[in-house]
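Got some structures for you, see below.
Heads up, the next two complexes both have subunit A, just with different partners, subunit B and then subunit C.
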Partner chain A sequence: MIKNNDKISENQLSILLFTTMLGAGVLSLPADVAKAAGPNGLIVILLGGLVALIFARVISFVASKFPTETFVEYSEKIMTKPVSVLLTVFLIVYFLIFCSLNLRIFGEVAKSYLLNSTPIEVIMITLLFATAYIVRYGIEPIARMSEILFPVMVIPTIIIFLPAITDIDLSNFLPILRISPLRFAKGILQTTYSFVGFEILYVIFPYIQLGNKLKKSINVSFFSIIFFYLYITFFTIGIFGYKETSVQLWPLLTVIKSINFPGFFIENLESLIMGIWTFAVFTSISVFHYAATLSLSKLIKAREHSYFVIPLVPVIYFMALIPESIVEVYRYASYATYLTLFFVIILPLLMSAIVKLRHGGEKQ
Partner chain B sequence: MRKLIITLILIIPLILTGCWDKIEIEDRAFVMAIGIDTSNQAKNYVVTFQFPNVKQVSSAAGGGGGGGGQPNFSISEVGDTVFSASRHVSTRLDKRLYLGHTKAVILGKDVVSNRDKFLEVLDTLDRSYELSRKLRLLVADGKAQDILLKNYKFDPDIGAYIDDIFKQYNRTSIFPNIDYNKITKSLHDTNGNAIIPVISAGKDELKIAGSAIIKNYRLAGWMSDGENMGYMWLMGYVKGGDITFDMPTTDGKEVKVPFNITNTVMKRQVTEQNGKIIYKLKYDVEGEVTEYSFQKHGEMFDTNVLSTMEKKADGIIDKMINESLKRFQKDLKVDMIGVGDYIEKYNPSLWSKVGPTWNEKFPDIVVEPIVTTHIRRIGLFR
Partner chain C sequence: MFLLGLFNKLFKNKNNGNGESKDVESPKVKEDIEENIKYIKDMLKDSDDIIYREFWVGEEFQHKLELVFVDGLVDKGIINEHVMHSLMLDSRQAKPSIDEIKKNIYEVIKKAAITGGDIKEIDDLDKCITSILSGDTALFLDGHPKVVIISSKGWQMRSVAPPETEMVVRGAREGFTETLRVNTALVRRWIRDPKFKIKQMQIGKRSKTDIALLYIDDIVNKDLLSLIQERLKQIDIDCILESGYIEQLIEEDWHSPFPQMLNTERPDKVAASVLEGRIAILIDNSPFALIIPTTLATLFQSPEDYFERWMISSLLRILRFTAAIIALVGPSIYIAFTSYHPGMIPTKLALYIASTRQGVPFPAFMEALIMEATFELLREAGIRLPVPIGQTIGIVGGLIIGQAAVMAGIVSPLMVIVVAVTAVSSFSIPSYSAAIAFRLLRFAFMILAAVLGLYGIMLGFILMLTHLVVLKSFGLPYLSPFVEINLSDLADTIIRAPLMVFKKKTTYT
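Our next item is the complex of A and B:
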């Protein structure tokens, strides 16, 4: 048995970032980009991913100045204590929001496709207890779990789509760059939200065995998720065209329905993709849950984060049940993007500016 | 402590009894084909489900034995919506309908003639969690119920039968190889225009030929077999099939010669000259001649004869295309041949000019098909 020293390597960080970013949003991603940028969805994903990468690097720049501290502590040094407390509370809420959004969307999809008569509460609680179990043991088991699940998620997804390659109509991606620059920029910004999850970099720095590959591992995780998103969107828009994709709720599941797998017995692959996607949701939820628990325990200066795992379970659960319907879930999700705007773009820029100014001052 | 553990162990099995959604396989009815008709009575729709007799199928696979009766069952139900009909079936059937394996959905002529009902039905199909996107959507020339309730001599399982017929579409090209996925895409892209293949039933067999033209979510007309092939040419869907042309012979007679298409390549181009849009279609058709005349053995081994034949074939294909084109441009005045789509994608600056009023512009565009046929093989005699 490997000893749990509560530290992850930089390679593990790379996989952890990938599995965190890959969550419930991937089901609706092609619809979002088709709506935002029409036939140029692929370009928007690429650029949106690069924008997200830049901000991830900004966050890691700030956090790496304080490698032994989490956001709770170093934000106090950068800004003042009251601001820091306020921001930390918001950050915890932010992690909890994404945790519960993922959970609710998982429940809705599982209920409508697989378990029609099972109450959604049962589906959600089961998953939540599974994540709470792993979160209690800290970051390392989560990272190891991600390492195990990563190939299980990625390889089948890539294989499942291959038979559909003949159904792709490449002209669905034309015309290139004929939409207004403003709409295009907005599309890039919206796609950046699909990469939500790298904000965990705010809090997990003390748990990384820092070497010299940190930047590389962040790059690797971003490029692999950009590739993964591009792959899925390429098939979805290539088969449906952007007009139809943009009005679908979960295009990823619908496109699986339209794939003709050779052989009579393998039909209705959406249940397979849902199994894979359950792993994706599981890893995302557990990382968000962990980040929220960790921040909370640091804020209260508790000795161990594991005390707060179970108390947060009902919080996440009831937050997930707030939206009345699936329509409202996505409305709340769009509200959450304002918080994303703050935590992903504004705050990192602000903090890095302050850090740079301070450092400049110290040198003089 | 030990008692507590034992109690817990005894309690755990109670909550592990299985899931809410368990349905045994013999309690499911795997619907293979659905027929949807309108009803004149109080309810809106008559929906017919056909599913195989699982008992008979399993006993046949197991090497005979018991299990007799009909190979499959059909059941019809009326309802205000298609969904409610599918639920109300459960008052008359001891099995749960499962639509995940449905191969074909047949819409009655009345459904596609009524815009509101057609929109309702399409939405039901689109929103369904179970229905596959690969299923075949067809229009019946009469009532869908009549097609599903008949007994057929070849294969009683209509859903699978239809699916198999579609697999060999390129032997004739007289019905469009369009599945549900392509139909909804077309309806979404053009806001209500699509071509749907037509199914008709004889006394004890089925036929898929021709197609129904849907304009603005309503049946606008039918296409016969020949016209349908013209449409297939315009869309570039033709990958096989046969055409027949009259070949004059040296002794002043004419022989009917079949030309079997093996492959075609279509190239498109759009230009604007003096405000007129010119849509050029260039076809390279490859194929083989499979019959000529017994008396003429030896004569076909002549490139002149072949080039005459190629010209004749060009003429026939050209005529097909123009006839179909006339139908769309002059009679129906609706762009179903993808010209607008092509301009939007490959000439976006032109599209921003003509796009908003495309429906009025379409009848006036000039379409220029250029067909070049290549006869590659002539069979086993010279």
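Our next item is the complex of A and C:
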């Protein structure tokens, strides 16, 4: 009998990371990389993903030193209490920002593609409450949900693009690497945004049944998401060319609109993609919502995380409504990248350095 | 939440208090036969179907014996031939000397005089009454503080017939009946394993219904077994009328529309489940067995899947899962596409739908609701009516009302097709309990589609899946093996892999 122990297996972690990283960003990803690196978008994604993987491993290295504690507790041990509290607050805000960004982008896309006359507020609040419903039950149902939705998201997406394979113009990916190194590096940093979500490793370690496959499962999730992004971007840029891709807001939807699936009932496949993408956004939002709730409950030292699920709903909702327009949403998103820079690169390096030094000191 | 917990606690304590104070000592069998019979007659006063037969045996008829049984529940043949005949006539030829008989008639009767197959002795009068009322015969002996209970159950019962709700083309035709003993025998015939256990207990303060737990000792999960026994013992109810009572009283989540136990009329299904390490509960007076634990995937399995070739079975499985999705969202997809996203269906079809809907005065949601409600009504009426009229209702409802509704311009012809396909789909789910769950949720999906279009349907799926991932059937995730994935378990879910793949079936799939 499988007990309700509120822990997820390492395989589940792998899928959970995948579905968390696959969020609202995927719609604009081809445009982002086309803007940043032109025809070299694929290389940027690959390198950006590898950079993200390295730092995910750094975070998991630090966190695995304290396998029974969340960031809230072990950051206090590594740094001091005031610093820890400050960082935790920032971390919560960070999770909330990405939660609300995903939510807002979802609302915008759903409004413009599916429900033209429905107020965006209705779309957002309904999804948010659906999220709250699952978050209340903790990490285990979220991980199971990811497992169920993973094939639903990945398999149709991969099949949908196949008929378009003849439309790809490989010259769209040329010239290779004729780009200034600075712009290239900037592009890599920007794509890291598409991998946002693995920061949950800061807080979910106590909820993983740790075995010896942790590193492998993190690697697997990153390689599969890199492959998935490469696949999508390859088709989008390959069909449209980088110039056309970069001027579009959501090139993924546009490219799917152009694909004609032979002998298929639904004419416009973007409805299918919208459905799949609803699932993708839902899993991301629920994980961010969960991570924020969990950190908050640990910060206040509450017994149950579920007390804070509903109170955070209005917070996320109003944060999502702050930007005036979709352009502003993406401007805010690019600001959030600085926070990403801190939480993904600077903080893990800092903490792992401290941990290493201290451990070295203990050994002597 | 906290307050609720507190209330629960208080409530539970109160319950415990009640339970403890209720223990009353039940009287023992006395030496004097008249006293015993008086007690029984007192307890069973005004029950005219109880028969008391007193008779005397021995050389000079010095030993008084009395038989007590319920007329109609016992096999008179057993009593006449194997009890009365043996005691009154055959025993005269028995070897023991008269002295010996005088000393210990009880031992003699027990050891040599009764030729009935199954006897036991008890010294508790209340237990004795329960036995009498369940069809056994009690034999009282003067001067001995024990009662001999002779198993003599035999009443008018339905014979074993094909299971009506779970027909198969290929496979055994036997279905359970209303008699527990017949049902356990039906399962026993499939499994001749000494480790196969049939454990009985009684539930119901007044009905004292026999229920049997069936499992295989070395496969079953012991925690699960004790959990089920624990929950069964906690049942506090007067009467168990059907397996549905047990199901609802021991299930994990009563909020859920989904069945957390599989019910089946088929002994082969029970045998197969027991061999997989599950536990089956058989209930007297019910032809339905409960199987625990159950997952969503098992609700889509039919015994036939394993009897036909694997490719065909896999195809049928896929068909059933597709049917479930159609049964769930068929009308709501129609609502979403016609009222929110006409641009997503092929232009020609969209134009056609628009033209057929031109005269329809209702929005798509009302149209769908009217048709679905009519259909549910017809289905309900069809069940209540006798079989020949039921079929007529089907034809009248399906053909004439549908046709008339279209001609009257109340609904569009496409809507009739959608409703018909949805109905057929919901019938192809092997488990009736699962099918009605999908029927119920269909209306929720229709409302969501009417309010939020395709996004509403997606939202509905998210909410339903959330419920399903949280739901557990006795500790087993309801969606396993799709969650906590183990690739080898997936061989018997949406597809049914060749039989060679399952070497030893011990996982719940």
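In this text, the second predicted complex is superposed on the first by the 358 of 364 C-alpha atoms of A that agree within 3 Å, B and C clash if a C-alpha of one lies under 4 Å from a C-alpha of the other, contacts with A are read in each partner's own complex, and residues count from 1 in each chain.
We take it that contacts are C-beta pairs under 8 Å (C-beta built on N, C-alpha and C of every residue); 3 or more make two chains touch, one makes a residue touch a chain.
Since the model is a prediction, treat every value here as computed from it, not as a measurement.
**Q** Is A:K257 touching anything from subunit B or subunit C once the two structures are fitted on A? First, second, both or neither.
**A** A:K257 contacts subunit B only, not subunit C.
**Q** Which holds for A:T80: it touches subunit B only (first), subunit C only (second), both, or neither?
**A** A:T80 contacts neither subunit B nor subunit C.
**Q** Once chain A of both complexes is superposed, is A:S171 in touch with subunit B (first), subunit C (second), both, or neither?
**A** So A:S171 only meets subunit B here.
**Q** I'd like to know which partner A:S334 touches here: subunit B for first, subunit C for second, both or neither.
**A** After superposing on A, A:S334 lies clear of both subunit B and subunit C.
**Q** Touching A:I123 in the superposition: subunit B (first), subunit C (second), both, neither?
**A** After superposing on A, A:I123 lies in contact with subunit C but is clear of subunit B.
**Q** What's your read, subunit B or subunit C touching more residues of subunit A?
**A** With both complexes superposed on chain A, more residues of subunit A are touched by C.
**Q** Using the superposition on chain A described above, determine whether A:V247 touches subunit B (first), subunit C (second), both, or neither.
**A** In the superposed model, A:V247 contacts subunit B only, not subunit C.
**Q** Applying the touch criterion given at the start, work out whether A:I239 contacts subunit B, subunit C, both or neither, answering first, second, both or neither.
**A** first
**Q** Check whether A:S112 is in contact with subunit B, with subunit C, with both or with neither, and answer first, second, both or neither.
**A** Touch partner of A:S112: subunit B, not subunit C.
**Q** Which parts of subunit A are in contact with subunit B and also with subunit C?
**A** Looking at subunit A, the two contact sets intersect at 114-115, 118, 267-268.
**Q** For subunit A, which residues are in contact with subunit B within the complex?
**A** Per the stated touch rule, the residues are 39, 112-119, 167, 171-172, 174-175, 178, 239-241, 243-244, 247, 254, 257-260, 267-268.
**Q** Could you pull out which subunit B residues touch subunit A in their complex?
**A** 19-21, 100-101, 129, 132-134, 181, 184-185, 188-189, 341-342, 344-346, 348
**Q** Please give the residue numbers of subunit A that touch subunit C in the complex, ascending.
**A** My answer: residues 1-4, 9, 11-12, 110, 114-115, 118, 122-123, 126-127, 130, 133-134, 137, 141, 144-145, 147-149, 265-268, 270-271, 274-275, 278-279, 282, 304, 306-307.
**Q** Can you check the complex and tell me which residues of subunit C touch subunit A?
**A** Its residues touching subunit A are 1, 221, 223-224, 293, 340-341, 343-347, 452-455, 457-459, 461-463, 465-466, 469-470, 472, 474-477, 479-480, 482-485.
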